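Notes follow once the structure below has been shown.
Per-chain numbering from 1; labels A, B, C, D and E assigned in written order.
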Amino acid sequence: MTEYLSLSLILFTIGAVGVLVRRNAIVVFMCIELMLNATNLALVAFAHQHGNLDGQIAAFFVMVVAAAEVVVGLAIIVSIYRTRRSASVDDADLLKG
Amino acid sequence: MILTLLAATPLLGALVVTCLPRGSANASTVKAVAIGFSALTLALSLVVMARYDVESGGYQMTEKHEWIGQLGAWYSLGVNGIGLVLILLTTILVPVVLLAAWDDRLPGRRSVNSYVAWMLVLEGLAIGVFAATDAFLFYVLFEATLIPIYFLIGSYGGPQRTYAAVKFLIYNLVGGLLMLAAIVGLYVVSAKDGNASYLLSDLQNVDMSTTTERLLFCGFMAAFAIKAPLFPFHTWLPDAAASATPGTSVLMVSVIDKIGTFGMLRWCLGVFPGASEWASPVVITLAVISIVYGALCAIGQDDIRRLVAFTSVSHFGFIILGIFAFTTVSTAGSTLYMFNHGLSTAALFLVTGLMIARRGSASIGDFGGVQKVAPIMSGVLLVAGLSSLSLPGLAPFVSEFMVLAGTFTRSVPAAAVATLGIVLAALYILIMYAKVMTGPLREGLEGFRDLGSREVAALAPTLVLIVGLGFYPQPMLNVINPAVDEVISQVGQGDPPPRTPVDVSEQAKTEEGGH
Amino acid sequence: MTAFWTLAPVMVVAALGLLFARKAVHAALCLAVVMISLAVQYAALGAPFLFAVQIIVYTGAIMMLFLFVLMLVGVDTSDSLKETIAGQRLAATVVGLLFGVVAVLAIGQTVTGAVTGLGQANENGNPFGLAELLFGPYVLAFELTSALLITAALGAMVLAHRERLGARASQATLAERRMREYAETGRHPGNPPTPGVYARDNAVDLPARLPDGTSAPDSVSQVLRDRGQVRPAPGAKDPVDPADTTDTGPREVEE
Amino acid sequence: MLDLVWLLVAIPLVSGLGLLVWGKEADAWGHLVATVASAASFVLGVVAFIELAGRDADDRSVTHVLFTWIEAGPFHVDMAYHYDPLAALFVLLITGVGTLIHVYSIGYMAHDERRRRFFCFLNIFVAAMLTLVLAADYLVIFLGWEGVGLASYLLIGFWQHKPSAAAAAKKAFVVNRVGDLGMALAIMLMFAQLGTTDIASVNASIGSASTSVATAMGLLLLLGACGKSAQVPLQSWLLDAMEGPTPVSALIHAATMVTAGVYLVVRSNGIFDASEAARTAVVVVGLVTLLVGAWIGCAKDDIKKALAGSTMSQIGYMMLAAGLGPAGYAFAIFHLITHGFFKANMFLGAGSVMHAMDDDVDMRHYGALRTSLPITFATFALGYLAIIGFPGFSGFFSKDKIIEAAFGYNVWVGLGTLLGAGVTAFYMTRLMMMTFFGEKRWRDEVHPHESPLVMTIPLMVLGAASLLGGALLAGDWIVDWLEPVVGHTEHHELAIPALAMSAIIVAVVAVGATLAYLTYGRRPVADVAPLDSQVRWPVRAGRHEMYGNEINEALVVRPVQHTTRTLVFLDGRGIDGFVTGLADRLGEASQALRKPQNGLVRSYALGIFAGATLVLVALLAVTLA
Amino acid sequence: MSSTALLTATDLPDIAAPEIQYALIGPVFIILGAALVGIVLEAVLPRGKRFLPQVGVAVVGVVAALADTVWVYRSLDTVQGSSLEGRGQVALEGALSIDGPGVFTWGILLVFALLSLGLFAERRLENGLSPFTGRAADAPGSAGEAEAVEAGLEHTEVFPLMLFALSGMMLFATANDLITMFVALEVLSLPLYLLCGLARRRRLVSQEAALKYFLLGAFSSVFFLYGAALAYGFSGSFGLAEIDLAVSARTGDQPLLLAAIALIAVGMFFKIGAAPFHQWTPDVYQGAPTPVTAFMAAGTKAAAFIAFLRVFFVAFGGAQWDWRPTIWVVAIITMVLGALVSIAQTDVKRMLAYSSVAHAGFLLVGFAGAYVGSAGNEDRITSVSSILFYLSVYGVSSIGAFAIVTVVRDAGGEATHLSRWAGLGKESPFLAGCFALFMLSFAGIPLTGGFIGKWGIFSAAWSGGYWPLVVVGVLVSAVAAYFYVRVIVLMFFTDPTDAPGPTVAAPSRVTTVVIAASAAATVALGLVPGPVLDLAQHAGAFVR
């Protein structure tokens, strides 16, 4: 069990670090997806441990949610790309202070 | 109901005044209406005074309705002697201030409607504060009074008004919020005791640990010390007074600041007697420092309004000293002092305000020899000043002496140092008077107008009261005494008996001897 | 366990690829690797249904969406690896390491409970078990996902869809306008030549040659022109300077 | 009638305040009303005196409560008067001299446009002074005490346009306040110790309190008395007070108010009887002041200041006498009354001289005025003879008694008083010589003329009183009269017979007078004073009023100014600076905290991630550790 | 495989139909239904004719849901919990807990929604157009945008989106298991991400706000999710009650539990805008269209806070001594930071955003007290009831404040720079007065609702034994008051420096009504808070 959870945590951490270091909004978003996947791994692993399917259901919901989120997220990224011709999150810094 | 009516009348007046048409053409009507309402309030307060039964004392004309049941907050009003005196002060001063403010020039194109409306709002709230017998209600009104003053200073004051208004508000808010913490604590304590209630009568019976009591006391005291203002929390006052219109200053220093000392009497001593006693050495020390410090700082001021503000710091020191000496004499003296100081400071602020308005400067250095062109003003200033330095025969003397005499029985050093204030008071008043009024007439003052009849009419009541109460303070004391006795017995501290009391029979004999 | 130990390093490496890949596409592919590996892990953990869904929904749909958008945004966009926010990378590394180490050591390594396994839960087959839950305690969540999906659709529409204003131009008006433009600006009403016409070969990057022997630069796709990948037409009278080609290409098609 | 004694106070008070409020319309007749009011008080005073005198010796005391002034808890003060032989004498002195000075002022102030106000102030003074002497309670005394202080302040500074007058007024008030501090503390001590401030009760029961209490009380009262009576160390205001119009100097700063300190000591005889130490302090203060005042009187060229120095000195005599206890109380009062006559006389005379000399006060500009101002000269001479103690004149008897009593108390004190008598003769003769004898040293534009009758009649009356005042001692009348108040006076047998004593005193006085004559009568007086550097140190010290102002300046004024400035600075920078500094720091913190909000999503994400890490680590560490 | 599944399908047991208490969750269904009707309207009505029907559907839906909420609230049964009495029941197979606090939150959310709808539907300020961009697909400043304005295009989709978000909030506040909570979180978030990017003016910052909100929101919700996963790992269930059982029984691995608490807290901290997870707040509040900001500020905070409380009181209540110190510290950091940074702000919306951060801190003070009352002393203010009341007041006041922001305009749209507000008091006493009132309420001055709110949360904290936190709280209140007061100074005491003062566009009646209603509510909650306080008080404890 520990290995699954550890893998999941490692992936989660990598995803989180990715959010911090990548500038391309799409890649940042991908990193978030990686974190979601890591979560899913943990859920499925826990489901395996506890012997009930709640974790799997949760993972299933995460996937659905992720799908919807991806649509919305990419739509936002595309629309902002259209405006600025840039997908770098660093370029969105009008709001600050 | 009469207390509610009393508090509501000026509020209603404020509403009416706000609804009246604006513009300079209507200014006189507006002011007249406002004065009318304040006069009506005064009349009502006299009715209250008349209906108050001095013999039985205690809280009278009480009203009690549940307000916020969950919090244990009641809409509970009632007056005892102390509250009554301060209500009377309020209702007397507001018409005076309004009348004296008739010719106030407001900055910008600000309307006189809101100016007088705010004053009336302030009056209503102040009456409520003095009549509240529920800690929550008291707190709410206490804090609410900040708003009218804030607007009065900020909208209608001098060039530094914004700074002064914000400083005033924040400074007082800090105190108020600390008190809020204590109010919350009171709720917790009283709720733990079974039934949450903020009623004064209930709070006096609440069981609390010594530590809790002290903590809560500190919260209340912080608010009151800032409001009063007690050294070293006084620095908002000179700024505020220097920036406010004279009328605002009067209401602020004479009425609203009294809430601080009033609160100490009613809430600190009333609800936390043990903690009050515990804190009294510190408070007395600070009060004595205030007396001397305020006086010394007043001597060094060039701005007349700041000077008056510092004199008030000194006087508030006396009031607080009297309260925390826990003797009936000093406490009754403090209560009377609140009233008297209200009158004398009002006179001082108003007459210097008129002076300043005429000169266009508040700097003492810009005056000189005014007495020659404005003898009446000079006389009024002198009387006001003398009352401020507690000349016997004028009202503040009686109260100041009572405070000192009472304190003396409790703590000789405190009284002795405080008595220094008597000398310093002479200095700050007379130096100012000498610089402003005497000597050759300063250039640029040739056209200086003496007081007009309306101004005299506005100031006369305060002067008459100052002189009258100087010789015959007993009507006030009769009202005050029972309430003070109650407070002192609450604290559990009686008057220290004279160390070698005069044989009563002997005294009787000597008195008899004359007849 | 074999599957796990085989795939785990792959997944970690692929995940790290997400951090270090210069090109977004590479990152996407790395992510796909992780996802597919995950699917296998699911299968190993007794979640065949999720295995399928992971492949179909995640890798199949979501990743494709990512790639699609990457194409839209520019398939070759690549991050410069130079960090612009001072200290960001260092801080990210430190925090990441701290989080990772703490998490793995304090959480990952401390799980004790016995592994029950899904034998019983999957008695009637994994999908049935899931269905039972889905239509039992999680029915509300399930229904709610519809709201999510509607929102997503609506969002995509709102942000991406440009509604047409006015009626579609008819053939006649279009023709009329073309002729008028020709009269006014000299813009040829006919179709422009396609690349490679009359040229040496018919590659897409070779401009057509007009009857007068000059080359027609606008016959090459705008994308290639932008990239500077237009080949000069051999023997053309005027060597194409890709830099100053102006867009005289196909008219904007009315929506 | 004795129930109506309060009218004594009320009449001048109402008249004074009424005229003040009445306003300009009263300008024409206000002074007359005021004078009549004062005179009415005098008449009432006489009637009351007669009634009192008609009573039995042990029944000559009336206490009448008008109303309760202050009552709170155990603190009870009645607005009551206590009319007894001591008060009766003072009433007569105050209203009598007061009325004369009112009359005199009608002429003296005739050309002052603010004359009405002057009379109002005079009336208020009379009322306050009467309150002081009639009070049955120390706090009421205090009321009168400060009331006369106020009147004194108003009258010294009457010519407000003169900065020097305004400053002198202020100084008088402030210095008096220092004394009042003592008085106030004394009253508080009474309340704390005895539970009452009623004079009779206090004096009756002080014996049961410890001596140290009585001493403290006595010393505090003495401080009050020093302030009001210009005794060392609070003497410095009196000479400056001569900035006031001369009638004021005569009434307040010579005849009545300044003697209030003596009255206080005598009135508090119970307290001083209970404390040897307090009495000694009074004697010391009296003796020092006596000599210092005389010294100053010798050195001053300003006629009013010379007289003021003399006043100090004479009050020193009274104070000293009062400090002698029962042996001296009556003589203190006796000298107080005779001094009231002759000093008022001389001040008014000086006023008459100044009137003639266009308000010039420098005696070096006088000379040979006896011919131009015959009436003034004659009356002044009566005063002169009285003060130096010319046998048969009132001062002879009163001073003689004090010196005798002083010798009875202590030889050194006696010698001091004797020396004082000689010096008095010296400076008074000097004054006479410089003013009325010798050569004319008038300025050119001055044409002296005798004053109008309205001014000279009071002079004559007072001159007569100076001559005849000694009659009060006839048959020890005054001693007997005051006995119910101050107790029985043991007659001391001196080592030498009384007659011999008188002879010695007269001899000493003659020596002083002769010395002065030799110095100022025989030789011409320079009409410009020699510079400070040209005179010897005793003269220099006298001119500088024994450096009293300088000492005050160094010990009090400058430290206060310095403290004030420091405090104002500290208040702004320190206390308020702390508050505003706090606000500034908050503002800076605010700006600093804005920095992390840099608009970059990745930074924000870092914040979240770091925060999450912290929360995680904290929870794990705190709980698991 | 498929063939075997088909073969065995008949052997499988029936899946019992879930029990759905339609009556109890009627309000949510009404809102969802209204949203769906809105979607249908989008499909069937021509562009120009959608606006009014959409507004109508939304308003009717919200009002109906509100009415239903009242009915639901009144019909809640009293249940005796482990220690304290609560009202309501667990519904939908344990997915939702329809209890007093939850339904109360529904009520205030619906009120917020109704008020916000007024701002959504305001058309007069933009010359007859809604405050949302006409065609989001056009790049800002492009010809297409001008064309869209010309043509009077409006995105009426905002109404269904808003209703979806609302339904998400309502479910978030009542979710009784972590999965439902997560889904509800997303249902509430996704529409808001979209709405944030739809401003008509200043579209660049609006899109930026959407991007930031989206990225950070997604980022933080993953933390929440991982926390949920760990909680599941700890207890074997997502249900709050089951987790509570495991926590109380101290079975399972403590590190898992603690990590779960930590990560769920992170997700929640983010949503409520607590420091250091607050950084999105100012940017998003400033960039988003003001009506959306208003709705978001009030609604999200309320829903998230109640969900937060529910998770922590119900599921992790047994571990409160573990998490209370963290809340304590975060509360202080949040208050201090929010209050301090507000001082330096020059943009009204940004200032209000930081102020909302500070308020999150104050709310956390009440939370940290974690006072749930005790048996036999039911009348005392608890953490839950005080927070409910605070949220009501804060929400109403902040919607009112943002409503005023929409009205103060210059040529470029809303004039949000504070210097442009100088002299507003003279320009429009009513607006300035109302804004001052809201500021005073935020500052917690008596006679406004904010005061009673502050009182409540402080009292809860004190009851929980955290009086030093109360002292810190009141001191921070003073700092916070400074910048509220500064706005009043600007409006009333300062004369505008540059020639033209703020222009107050005449809003249509809806906005005026919204402002007036918010102001009235703010005053009413200060003067006679009794009824609302009573409701909050009698909502009772969470039902599990």
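Everything that follows uses one rule, which is that a contact is a pair of C-beta atoms (placed from the backbone, for glycine too) under 8 Å apart; a residue touches a chain by one contact, two chains touch by 3 or more.
Note that the coordinates shown come from a computational prediction; the quantities given were computed from them, not determined experimentally.
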item	value
Contacts common to chain A and chain C (chain labels)	D, E
Chain located farthest away, centre of chain E as origin (C-alpha)	D
Chain nearest the global centroid, as defined over all protein CA atoms shown	B
Far-end chain from chain C, centres as C-alpha averages	D
Inter-centroid spacing, chain E versus chain C (mean Cα positions, whole Å)	34
Length of the line joining the C-alpha centres of chain B and chain C, rounded to whole Å	75
Separation of chain A from chain E, taking each centre as the mean of its C-alpha atoms, in whole Å	24
Whole-Å separation of chain centres (CA-atom averages), chain B against chain E	45
Residues of chain E engaged with two or more neighbouring chains	136-137, 179, 183, 186, 190, 193-194, 197, 211-212, 215, 219, 230, 233, 255, 259, 282-283, 344, 482
Chain D residues counted as touching two or more neighbouring chains	583, 594, 597-603, 605-606, 609-610, 612, 616, 620, 624
Of all residues in chain A, the ones touching two or more other chains	5, 12, 15-17, 19-21, 23, 28-29, 45, 49-50, 52, 54, 57, 61, 65, 68-69, 72, 75-77, 79, 89-90, 92-97
Complete list of chain pairs which touch one another	A-C, A-D, A-E, B-D, B-E, C-D, C-E, D-E
Contacting residues of chain D [partner chain B, same complex]	20, 61-65, 67-75, 79, 82, 139, 142-143, 145-147, 150, 153, 157, 160-163, 165-167, 169-170, 173-174, 177-178, 180-181, 184-185, 187-189, 191-196, 198, 200-202, 204-205, 208-210, 213, 560, 563-565, 567-568, 571, 575-576, 579, 583
In the complex, chain C residues that touch chain A	4, 8, 11-12, 15-16, 18-19, 24, 27-28, 31, 34-35, 38, 41-42, 45-47, 49-50, 53-54, 57-58, 61-62, 65-66, 69-70, 72-74, 77, 79, 83-85, 88-89, 91-93, 95-96, 99-100, 103-104, 107-111, 113-122, 126, 129-130, 132-134, 138, 141-142, 145, 148-149, 151-153, 155-156, 158-160
Touching residues (chain side chain A, partner chain C) in the complex	1-18, 20-24, 26-27, 29-31, 33-34, 37, 40-41, 44-45, 47-54, 56-57, 59-61, 63-72, 74-79, 81, 87-88, 90
Contacting residues of chain B [partner chain D, same complex]	170-171, 232, 234-235, 293, 296-297, 299-301, 327-329, 332-333, 369, 371-372, 379, 386, 391-393, 397-398, 401-402, 404-406, 408-409, 412, 415-416, 419-420, 422-423, 426-427, 430-431, 434, 437-441, 471-474, 477, 480-481, 484-485, 495-503, 506-507, 510-511, 513-515
Touching residues (chain side chain E, partner chain D) in the complex	211-212, 215-216, 219-220, 223, 254-255, 258-259, 261-263, 265-266, 269-270, 275-277, 279-280, 282-283, 322-323, 325-326, 329-330, 337, 340-344, 479, 482
